[in-house]
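Structures are listed in the sections that come next.
Shared between the two complexes below is chain A, which pairs with chain B and chain C, respectively.
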Partner chain A sequence: MARLQKLHDVPAWIRWPVYALLGIFLLTVVQSITGTERLTQVSTSREMLRWAVPIFLAGLGGLFSERAGVVNIGLEGMLILGMWFGAWGSIEYGAWWGLVIGMAGGGLGGLLHAIATVTFQVDHIISGVAINILAPAITRYLSDEIWASPTTSPRTTSVGDWDVPFLAGGTIFGWESPDVLLDIGKAEWWFVSDVADLIRGLLRGTHWVAIIAILLVPATTWLVWRTRFGLRLRIAGENPQAGEAQGINIIRYKYVAVVISGALAGLGGAFISTELSGLFQGGNSAGRGFIGLAALIFGNWRPGGVLAGALLFGYVFGLDLKDLDGTASHALLLVNTVVLGAVLLWAVKRRRTTDAVLAGILGSGAFIWWLSADAVPSWWSNILPYVLVLLVLVFFSQRLRAPAKLGEPYRKGS
Partner chain B sequence: MSAVIELTGITKRFPGVIANDNVNLVVERGEIHAICGENGAGKSTLMKILYGMQQADEGTMKVDGEVVAFNSPTDAIDAGIGMVHQHFMLADQLTVLENVVLGAEPVRAGGAINFKEAKAHLSAVGADYGLTIDPDDMVETLEVGERQRVEIIKVLYRGAQILILDEPTAVLVPQEVEALFENMRELKAGGATILFIDHKLDEVLEISDSITILRQGKTVASMKNDGVTASDLAELMVGSELPSPETAESTVTDHVALSLRDVTVVDDDDRSVVENINLTIHKGEILGIAGVEGNGQAELVDAIIGTASVSKGVVELLGTDITSMSVRKRRESGIAYVPEDRHREGLMLEAPLWENAALGHQTQKPYGSRWFMNRAGTRAQTELIREQFDVRTPNVDVSAHALSGGNQQKLIIGRELTSAPSLLLAAHPTRGIDVGAQAAVWEQIRNARKAGLATLLISADLDELIGLSDTIVVMLRGRMVARLSPSEVTPRDLGAYMTGAATQDTSSPDTSSPDTSSPDTAGR
Partner chain C sequence: MRKILLAAAAPVGAFILTLIISSITLWAFGSNPFSAYGDMLGHAAKLETQVDILNRATPLYLSAVAAAIGFRMNLFNIGVEGQYLFAYLIAAQVGSMFALPQLLHIPLIMITAMAVGGAYAGIAGVLKVTRGVNEVISTIMLNAIAISGVIAWLQQSWQSDQDQFTSTTLGTDPIDDSGLFPDINGLLEIFTRDIAQGKQLTGLLLVAVAVGLGYHFLLTRMRFGFDLRASGLNPFAARAGGIPPKRMVVAAMFLSGAIAGLIGMVELADTAKFPPDPIKGLGFAGIAVALLGRNNPFAMVLSALLFAFLDVSAGILQNTQAATKEIVNIMQGIVLLAAVIAYGVSKRVQEREEARFTAEALAEIDPIGADS
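And then the complex of A and B:
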């Protein structure tokens, strides 16, 4: 316990990389046992990031909304609006404007959600679901009107990507810098090369939007936890009456928060259409707004946690994308077994019998499945993020802290 | 000394009630001024008017000699008045500092809060008034007394010189009350003026310089705390009307229906809200519990019916230990329950009367069995209740909210008493109903008593308690502080015990020995 406490005193910028290295180590070990190579390939971490960015942006949007006390299950709809408006803006005004207009489109969805939930006290879930139903319909209609095709748009333009110099062979003023990580990766040193490959996937061909997204982690932390705006936004979710008693216009903060929420989800959507697909296509959101909400809960309503959740879920999806025979996802079962084993030990140490038994059953289940099959069906990796969230909720719900008044209707002067 | 607050002729009407009726209040600078009165006497309304949360219909307010009109708490804060509410306005997951600066944050350019400056200001305020607290603590980790200190600091941080404390001791345990009083003395020494609401007279006499007493919305007295006794105050607070004569003969028997031994109930913060209660109710006996609300009566009832768990002690019904029985089992073994809030706990307002009649008895005949409801039986039984208990309704299919409060209450009493119970828990059975219905409810309870029912009666209406009960016990801060015979007690005495002005030795383990409640002595 004392040791655990000490671990918490370690600054986050050391702690998180250590966790990441531990994770990679586990992957490397499993890879050695199972013989697959995809778990630590360059393309895997590259796909992970591409999947993670929209998930993270949606989740971060959820953070703003939910910190202000408004449940935002409409993130998926706002992300879809962002997809369409991003594509439209990109075609009409150019790539960067596409992102801005995509944010505006998502923000519009947020505004709708705010009007419904804050002003008219509609149940947050109902309003969110309505937006999720509305958004695909509206975008379909708009596509048909403007592009004469209900499902797809013309090609969009992209703001592009960037190779990091020295580490991943980026060019500086026309000079091609060395690609250090490529060399390490090729050297085939156990574990070290795996780490190099995974990092190189993040640093080569990195989308500008991904870089913006990463920078949003410290920016959000500063805005929400260090500024007056952030404190007042949080009081709207923790105890709005207390804020009101100090003369704070809670309604205004809720509105602003939910609109920001929609705008961030919209940016995620614009990223999907303009940067990943290169066009708007209905259904391309692939539920990433919902998974963003899952990342928000997984990440305990904190920016760093949301990023971690988004990367984890992005990894599962990204791995599945290149894993046509299902063997890499199959290897993940062994990872699950090990992680659940660790949970089992943790639960035993804490004398939490129910948790220990449950972790034991699930862990052995994963192990038996791993032993008895050579591959897993693709639906497995589609549901895995939700399974992970359920597991986190089951085992660690006592450590998760949602805003105290999340989802509760607020009336001024009551 | 000069008057820092002067309220003259304050009148505030709500639909159907006059909360404040021509109230006058003068508070001197630098004093601790107590406002006393029973529940519903209009104390809180008066303080809300002074703090700008509500506006008076008539009357003038002067602060520092100048006439003021507050439209919102912000106006009051600007005039140097701050209020600490009884229910804390704190966010548990924020730090002390964040809670304190909220709404008055010192910011740097760019909107970042200058936490350093805020911390310095906070500790300066704390030092001025002798209040210490760690600004980086999460509020959720604080004790109730510390949270209250945060609330006080929050008010001082905004420069308030006049503090209104709304029943500050209601949420505290005795040691915390001591600490609060220490803080209040420090505040006074620092130059603050304190107005506080309390109805525990021992506390009032200990801490206040002046006392103003309200009764039924009117100022009945205002005095210096100088040679005043608690019983004087109690008399002023509750009035001295005589109890309505009660002529029923005693029906108390020797058979014990309910017995509580050393029962303790703790709240979420692990503090005792009911402490070591010992009592016995015999068949045919009505035991009345007197006490200012919030002194553990509600929790005691919860412990008996099973909605709160007993942390220590034993509850026995007819000699059977029911301490760990489920509510369902307890109900089936004969506990009838008239809850305090009939709308929240007694009825389903949207459901028809016949469904409401089955509530709490749905597994018993004639309402139903373990799995199924018996519609016909339930309706027939509801008709029976309607007839016997004079529930005035066109039919049993109307929804419960269509009935007047009195008829709703008669329905509840009816369903409880027709279930042939051995114990009735009646919490404020006549609250908020008209005189006619009140008399009917009393009559039904008396009849049931004659038939051998044991009753635990909780009421804020002291005349009702004295009139109906065979024995009265007084609860204060979760403890039983007195056991009295209704034939010898006046509302004034009761008031004194309820507020802590008078005390009685109740240290013997079970004070309800047959000597005090046997037919010979309890008969009137």
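And then the complex of A and C:
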């Protein structure tokens, strides 16, 4: 117990990279056993980041809304609005305006949700479901009217990407800096080169939106936990009556939080249409708004945790994209076995019988499957991210603490 | 009387607001809203269009009842979509494997569908009560797992011609005629002229009516329905009253999924197999129909008919070129959101009225309490 206490004393910016290194170490070990190289390739971490950014932005949007006590199932709809308005803005006014207009479109969805839930006290989930039904309808209509096709737009423009100098060979004022990580990666040192490859995937060809998204982690932590605005926003979710007694306009804070929530989901959507697909395409959201919510729960309603969850889900999505023969997903089975084995040990130590039994069954199942086949079928790699979301929720749902008054209607003066 | 007026004011207000917003939208994009509405209503007066509307309203209503069973106890089964497609596929496959007399074949297929739908929804229920997993997210993930993974895979491995992978041969083997739910054109033609254009009124309409009546009976006359409503209104009081909350969650999810399993049967009676590209989106539309009808078995009939009318009108608008057909989806979305907000307002007004009524009644009571 005392040892664990110490672990929590380690600051988060040291703790998380250590976790990440442990994860990469596990991937490297599995890779040496199975022979695939895809688990730690440059392209794998690049795809991971591309998938993680919209998931993270949606999850961060959920954080603002839920910290203020408003459940936001409508994130998916707001993300879809962001996809459309982002593409439209990018075509009409250029790439950066596309992102801004995408945020505005998502924010509009947030405003709608706020009007319904905060002013009219509609059940939060019902309002969210309604927005999720309304948003695709709006985008279909607007696409058909403006681009003469309900599901696709013309090509959009992208704000572009950036190579980090020195580490990933970016250019400074026309001078090409050395690509240190490339050299380390090529050296094929066990583990070290794998780490270099994975980091290089994050630093080379990095979308500007991805950089903004990463910067939003410290920015959100500061805004929500270090400023008066953030304190009041959290009061709206934890104990609105107490806040009201202090003279805080709870309703205004809830409104602001839900609109920010929609705007962030909208930015995620704009990123999907303008940066990832290069056009608006109906159905391209692939449920990333919902997965953002799962990342929010996984991350215990904290920005760093949301990012970790988004990267985890993004990794599995990204891996599947390049994994046509199913060998990398097959190797992941062994990773699952090890992780579930660790969960089993932890559960036994803590005398949590159900967790232990579940982890034992799932872990040995994964191991037997890994032993009995050389590759997994493609349908399995397709559903793996969603299975992972379910598994994560199965093991984490009970250990987390949501804002105290999450989802409860608030009426002034009650 | 006042109460009924108040209850009706909300959906009517929402509908008028929807007409205003969609008219502005149509007008802003250069269409004439009146000619669009005229086309929609003009076609709806025809018998064949009415058959289309009923054929669409039937699965929508089943889907709405499925969602409403969960909503009644604050359980959000967003997974109707995955449950009905999964049940549809398995039932079609099971149906194609047997040659049986009609009286056995049809029930076999329908019971399979209900069992599969119920079991798949039950997973979310079990996860909720044993592991505390929020059912909204778990059912959405189960949707993705069923639709993009399992169904796509089984559709391919169960197709009749294994050598040729084309998109048109995907799906299950055809079911014998004995397994197909007959149409009820004859029943309708008692009241009307003959149905032309080869349109068939689905026999599942009768099943939907039975399900609606059963749902009404369940809620108003049965212990389970009472437990369901009590758990939704006040879970703590329900628990104190001896209603097992965990068992209720699993049972409600199972029942919801079982009704969801019937949705695909409407299309199956027509196609005789799980087609390469089945009708999708009925699960999400059913949620909208249930919310619009406030989970009431009779109000949901009206909202299912409204949604079906709008869906069918999309095709008509495409033919007449009076407006972009996507306007009907916008109307569905707006009427839903407006109705949901209007119900919130009417609930507040009602509560205020009740509070005033109670206050007045209390004021009238004579302090000794002799004639209260």
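Rule of thumb we're sticking to: the second predicted complex is superposed on the first by the 391 of 414 C-alpha atoms of A that agree within 3 Å, B and C clash if a C-alpha of one lies under 4 Å from a C-alpha of the other, contacts with A are read in each partner's own complex, and residues count from 1 in each chain.
Just so we're on the same page, contacts are C-beta pairs under 8 Å (C-beta built on N, C-alpha and C of every residue); 3 or more make two chains touch, one makes a residue touch a chain.
Source: prediction; values computed, not measured.
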Worksheet item: If you stack the two complexes on chain A, which partner ends up touching A:188: first (chain B), second (chain C), both, or neither?
Response: neither
Discussion item. According to the stated criteria, A:374 is in contact with first (chain B), second (chain C), both, or neither; which is it?
Written reply: neither
Practice prompt. Kindly classify A:115 by the partners it touches after superposition: chain B alone (first), chain C alone (second), both, or neither?
Written response: second
Discussion item. Just to be sure I read the superposition right, which of the two partners does A:9 touch: chain B = first, chain C = second, or both, or neither?
Written reply: neither
Item to complete: Look at A:245 in the shared chain and tell me whether it touches chain B only, chain C only, both, or neither; answer first, second, both or neither.
Response: first
Practice prompt. Report the partner of chain A that touches more of its residues: chain B or chain C.
Written response: C
Fill in: Residues on chain A lying within both footprints (that of chain B and that of chain C)
none
Worksheet item: How about chain C: which of its residues touch chain A in the complex?
Response: 25, 29, 76, 78, 127, 130-134, 136-138, 140-142, 144-145, 148-150, 152-153, 284-285, 287-288, 291, 324-327, 329-330, 332-334, 336-337, 340-341, 343-345, 348
Worksheet entry | Parts of chain B lying in touch with chain A, wherever the complex brings them together | 72-74, 77, 85, 89-94, 98-99, 101-105, 107, 110-113, 115
Fill in: Residues of chain A touching chain B in the complex
222, 226-229, 231-232, 234-235, 238-239, 241-243, 245-248, 401, 403-404
Response to the item:
Within their complex, chain A touches chain C through residues 73, 112, 115-116, 120-122, 125-127, 129-138, 140-141, 144-145, 150, 287, 290, 293-294, 297, 354, 377, 379-380, 382-383, 386-387, 389-390, 393-395, 397-398
